[in-house]
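After this come two complexes, each holding chain A, first together with chain B and then together with chain C.
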Partner chain A sequence: MVRLLRYGTIFGPLKDRWRYLYKNDLYKRRIEAGPEPERFRSSLINWNYDAELYACTHRFGEKMNIESLRNAMTDASFLNQITKQRTEAGLAATDQTTLSFTHNEELAKRGEEIAENFLRRALQFWYPKFPKEGIDAVMEFLISESTIADISLKLGFKTLIRCDGPSPRPKMLKNALFAFIGAVDENNDRSRAELFVSDFILTHLVGKDINEIWHIKNPMGLLTKVLEENGRQAPESRLIWATGVSSVLSTYIVGVYSNKEFLGKSAGATISIAEEMAARDALRRLFETDEKRASIPFDKLYKHGLLIDK
Partner chain B sequence: MAFNKAQQLATFSRVWYLFDAKWQCPHLSGEKIARILRGEHKPIYYPGESTGDCVVAINTRHVALRNDAWRAEALHVRREYAKTRYDIPLFKLHELDPTKVLHLCVLNCMPMDNTRRYDMARLYTFPDDAVPAHLLRNVCDQIRGSRVIPKRLDNVTSDDIEKFPQMFKWPKELVLDDLDRDKFVRIVPPEEIPKRQVMLGQRAGRQHYWFHVSTSRHEEVKIN
Partner chain C sequence: MSQFLRRIISLPIQSIRSFHSFDDVTPAKYISTHLKNGLGSRYVCQLQRLTIQVCKEFRTSYGTREWIANDLMNFARQHPYVVVYVQPRRHRAPNLIGEYLSGDRQWIPLSNCDRQQINWWVHSLLTQQGDPQWRLLKQMHTDSPSIQGIWTPFTNKPNDLITRTYPDKDLIEMEYPQMTATQQIQELFEQQKTNKTT
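After this line comes the complex of A and B, so read on.
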């Protein structure tokens, strides 16, 4: 809570002394009252939850049952809250089973399974030489709570989710998105859900380098290992050229060779950095994940030959 | 370090060039050097950006000016007050500061904008091939001169001269052995070099030139 400006000056519309003091006092009181408390969107009068759900199905072009979407958007905390309220109101435990909806845990589990399966297949299909640890790291980034919660927030699930607080926590946002995927799978078919995953989750790789998502601790060691597995000689790094060595902007270009065969090269401010980066570059070229390679065709993966999961 | 950092470094690093000005035309080499100092040889060049490279020019004492330029051309120095202009002929200027001619030729090829002085600051000129080690370590590449250094007669061995095919023989009285330097040239010992003359008037000495740089005493040769 920062007060940036005075309310006004004694010039202009607040020329009258009394009006200036009055408005100034109102301004101070508003500052003292603090920010408005967070409120449920549903506490405002122009709120129609059914219409919002209906709009949500059409926003993504999915034909699905409104009830299943409503279940997908219901968090477990919402049910807990309701049972608690009913218990406090004096209802018996038997009456509490008659709720017409369930929470989204199972759907979320189902959706997460679909998403993980599809993402792994898609990454392995497009980067066939990228090792499994790398794909695991990229998967971890894509499936992570922060990424998924961010996607869910941007897709507008924040107001649709029914939970115990006015703004859902990241865990709830994540569950809601996966539950939505599960609901698409339930209502339509599997490929439709996978298309949703490739449209909204896989696209987070746009503008990101998967070699940097998977941070290799010792690139030269890994390069040696990979070359050994392929039956090639150990890597050998050579200084290609250097300039401005004693200036602040010193640049070294180091290349990595195996049996006099070029593997990769890179620049660095010192020789050790340049050598490390050259090893990374060689790995990129070996794994065929360098920038010259085409980016993932998100909407045409099936056309390119990615098999649909049974 | 990320890959984009490495690419950035490789793209924007200042490359250091060496230029051997021996027997090169300073006007032509000035054009070349100015282009490099401004960075116009790079694909990333943009007029407002500082993308230039560094140049170390050596042997500027041995530049070769065209035609009669050493005698006929001059540096025009305008001073602020009336009737205080004077010309310094280039041979005189070269004697005072052997790097000045090349320096001025490069400066002449720079456009008149604000970055001019900053670009010129990236030019290091040395009268001979003695360069500080820390500068020479930076050097990465070399600029090709526009002139080929010809092979001089006194650098050719006498065997080659004798083996050189001759269509006829000159009569003996017409042959003058001008390769024998000692016959014509004498290296003057330092005690015979005339002392600095006593100044007459207020601005009589060369040290009153604004550009004066005290240089090491170079070899002075007197022809008898």
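After this line comes the complex of A and C, so read on.
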């Protein structure tokens, strides 16, 4: 039973010419047949959906009813498919209403509301001087389908979602994650759902610069506007240093001042680039979102009243 | 060479239990975790399901059978977030297959392993995040290597060089330390002398 000879060596089964040709032909036929079609994970023999759902509740430490989790993981397309199958089988419309579960659209809406509300509060608390458009841009990035689908994929919802295809589409992944948050809110309380949002969605900002997420097209114009609102003088840019002016690697360092008061400085290959970057630097300093600033303390948000400590 | 051979005779991807050949070009990356695991208030175990394929008769799966009889219930109770499947397969080698949250899959052959070794392998799968085919470029990594920013010739350079009138007296005079090393030693020597006399 135990294979003692190595496969594919002169001691192994490929030493005979006919066997080599046979294997080669098999290999070519396999290549011709193409890749295997994608299959549902549930079609494999080692699959117990109830056990998977039970494990899912324990994975995130949430105490919740299995039935509500089952509803949260059921996509609308799955329900459509089932009703379609039933009509094809000749069942009446009255029998179709007796399904014991619903789809997750409502829960997803509820979860999305919670997530949006909490994320906005957290960002406004931690970056109080950051303007509203900037926070909107960061929110859009965090709530976007690609981000949420990526998070949902990494949390292992891919195999748990019940939908019409073997691999759920990004929309379904997004709905499933928000529905899970909604189910947490339904079974436990609001604070637990918000903790989930802060643990898995807000942490997506780590290692990312929120100034880059909010792309400012005309930084100098915005800087003038912000200074005007604060009742300060218009910004003036001054050349501080320059080296290699006539060479390829020229560097200019430009500073931005308002009424001889330093706002920010930056380097650039040309004077216009350096000026623009200096304006960006000044904005960063004004909004208090520079790299030197401490990151969001994800484990201590309750200390600041954003989360209720349990 | 081994890669060339593997291309001719198509073998499956090697398990992490097998010998790693340094001739192979393995994909490399910096050390990282999925979704910054553990950064929030909780840690999420990345192992989603564990499949133990075992034979009831053969000697090769003796240790596996023993582990299932003695340790499996305890393991399942301690780690409720892992779904454990046991697949009895007649007259074949025992295997351990771990599936992870990120969709990765780990396969470990357990032939002739005893109970303790199987416990080791199970916990090895439990504590990893499921991508051992990656070679780490470094043992540590940070996204922000310097808070102060990269040093340039212009950092900490005084700005008032432009406003001075040249020739400037401060710039012409060479700066010497207040006291040279020889003078310092002489002073120390004299101090010792005075200490001895008192």
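Convention: the second predicted complex is superposed on the first by the 290 of 310 C-alpha atoms of A that agree within 3 Å, B and C clash if a C-alpha of one lies under 4 Å from a C-alpha of the other, contacts with A are read in each partner's own complex, and residues count from 1 in each chain.
In this text, contacts are C-beta pairs under 8 Å (C-beta built on N, C-alpha and C of every residue); 3 or more make two chains touch, one makes a residue touch a chain.
These numbers were taken from a predicted model, which means no experiment stands behind them.
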Which of chain B and chain C A:267 touches, first, second, both or neither: both
Touching partner for A:49 - first (chain B), second (chain C), both, neither: neither
First, second, both or neither for A:280, with chain B first and chain C second: first
Chain A: partner with more touched residues, chain B or chain C: C
Partner chain(s) touched by A:101 [first = chain B, second = chain C, both, neither]: neither
Which superposed partner A:246 touches (first chain B, second chain C, both, neither): first
First, second, both or neither for A:211, with chain B first and chain C second: first
Set intersection of chain A contacts, chain C complex versus chain B complex: 241, 243, 253, 267, 291
Residues on chain C engaged by chain A in the complex (per definition of touch): 5, 8-11, 34-36, 39-42, 44-45, 48-49, 51, 58, 60, 80-83, 85, 87, 91, 100-103, 111, 143-144, 147, 149, 152-154, 157, 159
Chain A-touching residues of chain B, taken from the complex the two chains share: 1-3, 6-7, 9-10, 13-16, 54, 134-135, 137-141
Residue numbers on chain A that touch chain C, as the complex places them: 1-2, 7-8, 14, 23, 27, 45-46, 48, 51-52, 54-56, 58-61, 151, 153-156, 158-159, 195, 198-200, 202-204, 206-207, 240-241, 243, 253, 267, 291-292, 298-299
Sites on chain A touched by chain B in the complex: 209, 211-212, 241-247, 249, 251, 253, 266-269, 273-274, 276-277, 280-281, 284, 291
